[in-house]
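Heads up: the structure comes next, in structure tokens.
Order of writing sets the labels: A, B and C. Residues in every chain begin at 1.
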Amino acid sequence: MRLGELAERLQLEVDGDPDFEVTGLAGLEDAGPSDLSFLSEASYLKSLAASHAGAVLAPRGLEVGRPCIRSLAPYADFGRAVPLFFSAPPAPEGIHATAVIGDRVELGDEVAIGAYCVIGDGARIGARTRLYPHVVLYPGVRIGDDCELHSGAHLRSGVRIGARVVVCNGAVVGSDGFGFATDANGRRVRIPHRCGVDIGDDVEIGANTTIDSAHPGHARLGFPEARTRIANGVKIDNQVQIGHGCSIGEGSALCAQVGLAGSTVLGRGVFMAGQSAAKGHIHIGDGSLIGGATSVTSSVPPGAQILGVPPGLERRRWARIVAAWKRLPDLLVRVRELERRMGPDR
Amino acid sequence: MRLGELAERLQLEVDGDPDFEVTGLAGLEDAGPSDLSFLSEASYLKSLAASHAGAVLAPRGLEVGRPCIRSLAPYADFGRAVPLFFSAPPAPEGIHATAVIGDRVELGDEVAIGAYCVIGDGARIGARTRLYPHVVLYPGVRIGDDCELHSGAHLRSGVRIGARVVVCNGAVVGSDGFGFATDANGRRVRIPHRCGVDIGDDVEIGANTTIDSAHPGHARLGFPEARTRIANGVKIDNQVQIGHGCSIGEGSALCAQVGLAGSTVLGRGVFMAGQSAAKGHIHIGDGSLIGGATSVTSSVPPGAQILGVPPGLERRRWARIVAAWKRLPDLLVRVRELERRMGPDR
Amino acid sequence: MRLGELAERLQLEVDGDPDFEVTGLAGLEDAGPSDLSFLSEASYLKSLAASHAGAVLAPRGLEVGRPCIRSLAPYADFGRAVPLFFSAPPAPEGIHATAVIGDRVELGDEVAIGAYCVIGDGARIGARTRLYPHVVLYPGVRIGDDCELHSGAHLRSGVRIGARVVVCNGAVVGSDGFGFATDANGRRVRIPHRCGVDIGDDVEIGANTTIDSAHPGHARLGFPEARTRIANGVKIDNQVQIGHGCSIGEGSALCAQVGLAGSTVLGRGVFMAGQSAAKGHIHIGDGSLIGGATSVTSSVPPGAQILGVPPGLERRRWARIVAAWKRLPDLLVRVRELERRMGPDR
């Protein structure tokens, strides 16, 4: 595709030869001479100098030494260019004959339901929402407009989902929370989790992620009902676990394998890197950043940046450090003793 | 509902105005003036004083200053009250016409099988057990009475399950263990895992949890057969991984994202917090408590309380500590040298 | 089964009484007097001395004091003996009447497709490949010969799989990567992931494992296309997460709950123990070994052995060490001060 046509389709402006022929897309490091790449800011100019990219998406005013398309958000516009080179895989259309649809189900216009989906009684699915094959909605589930639910997604009763939400394969929403009490006979008994999950608009839920339902003990002041809550624009990666009664603030992002124990509250715009975790009943402030594999065990103020995992080290070096580390309390005593004997510094 | 009626339905006694009208349930912190809450012990009296809860479930003899229901196990009884305010979501009934049921399958009385379930040849399902839609039982699986299997649960051949077991959505039981050997040509070859999994009574298995099958190398003295074993009353949260040949003792609880490597043996009443893990071929004693995200790498005596993950700290503070920590072996040498030079303390 | 017959069926040689009757298989520790066990090397002779095993698979030349079968790879041959004692569970045969098979699907000879499988348009399945019930292939998926896909496996468009690959239950391959950009209006927008996943021959993918699709920014020099890549012979355990654009070298093994962030490159023969993780955009050299739960945050040379998680310790001891550890930067200063005051060592 000619660079000029590409710019036009993205509604952006060319800077340089509009007839330059773009044959593919790639990152700076790996792009070839007919690829379009992108750089978001001046700090990438060094990578650009070493890059074979024939053309780039770049911010206005940045001298890039090759044909380019000017963009206010080069990476996002690179993303918008993807569909021009890679066609969308086919999606389900219409209602497949094998779909089992319960009583009193409400379907919006142009809903698509794939083979072997099971839609429980009283469920409601918004306009243009697409269910790939093998999606199961328990009775009463509500889904907004323009959502996409992939095969193997299972939504339990009490789940309500907003608009433009993507639920990836194997995700489970509204499963029983892990809440037990000990009864008068000393037996562990289940607290029924019937208060459900609320998911806002523009949320993405990764493959095999699990989000548990709440029980009434998870009521929260200022909300009319006890529910597990995922606010608008939250992005959740694969294999994330969200316990009963959690509340995730708008625009937060949870990377793969993150785990939130029950009743964790995340503010807006929190970022949790892969495998990190939060103890239950704590509050993580707006805009906080939690490092990979870090366990957060007490509440954290807005804007905090929390780390908690030592970097991996070579086996022998690691062993020496751990051995010394186990003797730390003793070392502290020995230094205190040395200071005592040395007396005050005059 | 009147407090008196509520108490009667729970078979407990009112202490205070039986005509007090309860409109909902909530935890102490968030309860409103017409909610019923609970407190388990005197240590919560401070929270109670600050609570707007109109009524509470409370132990006998505790002065609570508002209408209450007396209970030996207030949290468990709060759980028993949930169904009085939140009706149970509908469950499958009867055998759905689309269920594919193999040869020589034995079904107990009042078994329910949802749409698109697949029941392999020779499987056996106990009385009143309910399978939600999209449950797959491989040939020969055996399930006891009064179990509940949610959609997307997959049970492989060799799995035997007791009574009153709940298997949540997407859980996989009896999958191939991760066991390979190197053959005479240096190729990695699979050890067939055909010895299955035994699950006792009153077990709960969380969403997307995986429990692997054993092979004959996992035989254990005192048991007639090599199997992965989950004893009675074990509660397993979401996304837990239990490797081949593990044995989990009665009443143990494994929180979300826990991982047990192969042949780990847990005693009775072990509690493993979220994301914790055990190395294979070790024994964790009865009643042990393993902290969140902690890796247990050697056997642990009964009653041990094991921690192993530093708390997350502010980025700069963390960086300073890790930098110092990497120099610990050197610091040890320096302190030893100072002590040598200081000579004996006289 | 007589030991002689067993040896013959394994095409190995007996050393000792060929009429010795073997009734079962077990590890050394737990074997009974009529069980066949195995030992791989002389270091196990101590365990052998304490073992009740009636017979063993053992390397040539090792004196074992009981009837044995000589083997170059005793553990692998123990694995080959398993099917002689434990019959294979039944597998699907033929094309089940309920399978929904799209247009232009190509099926090799003797393909088996279980109940309720859904095969998207244009998919291709190699000879003798078996799909258990409830497998979903999105349009265009390609699978080689002699593969085995278990129930609940979901393969998205753009996935290509080699020969003799096993995909366990609930595994998701080709799901959307976790890649977002911020657009000119400050909104987080998805980068479409349409570049797919390539999986080589003899790969195993564990239950509920997730492997994400790539986007064009994941192109890599020397490869014609941007794809997530799993090379031949890679073994992946349960609940592993492999991010978009990762590349896993031949013969590597990833244990349960491992997480790889996007664009991680693993060399050949890398071993990552359970719950370990790699930051994105790093390279882990050939033959490296990453310890359990260890986070690797920078590139690692070939043959490295990396550890990064302190062993769990008794609660009080742990608390003392962590308290001291938080004071480490201060301790460093105090030791420096002591050294200064002590002056040079003469």
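Following the convention adopted for this analysis, a contact is a pair of C-beta atoms (placed from the backbone, for glycine too) under 8 Å apart; a residue touches a chain by one contact, two chains touch by 3 or more.
The shown structure was predicted, so the numbers you read here are calculated from the model rather than taken from an experiment.
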At the place where copies chain A and chain C touch, is the share of residue numbers found on both sides over half (same) or under half (different)? different
Just how much do you need to spin chain A so its Cα atoms sit on those of chain B, in degrees to the nearest 5? 120
Chain centre separation (chain A, chain C; CA means) in Å: 25
Chain A touches at least 2 other chains through residues 116, 134, 152, 170, 208, 239, 257, 275, 293, 309-311, 313, 325, 328, 331, 335, 338, 342
Touching residues of chain C toward chain B in the complex: what are they? 24-27, 29-31, 35, 71-73, 75-79, 82-83, 85-90, 96, 98, 114-116, 132-134, 150-152, 166, 168-170, 204, 206-208, 233, 235, 237-239, 251, 253, 255-257, 274-275, 292-293, 309-315, 318-319, 322, 325-326, 328-329, 331-332, 335, 338-339, 342, 345
Could you list, by residue number, the parts of chain B that touch chain C in their complex? 100, 116, 118, 120-121, 134, 136, 138-140, 152, 154, 156-158, 170, 172, 175-176, 178-184, 187-192, 194-195, 208, 210, 212, 215-221, 226, 239, 241, 243, 257, 259, 261, 275, 277, 279, 290-291, 293-298, 300, 304-311, 313, 320-321, 323-325, 327-328, 331, 334-335, 337-338, 341-342
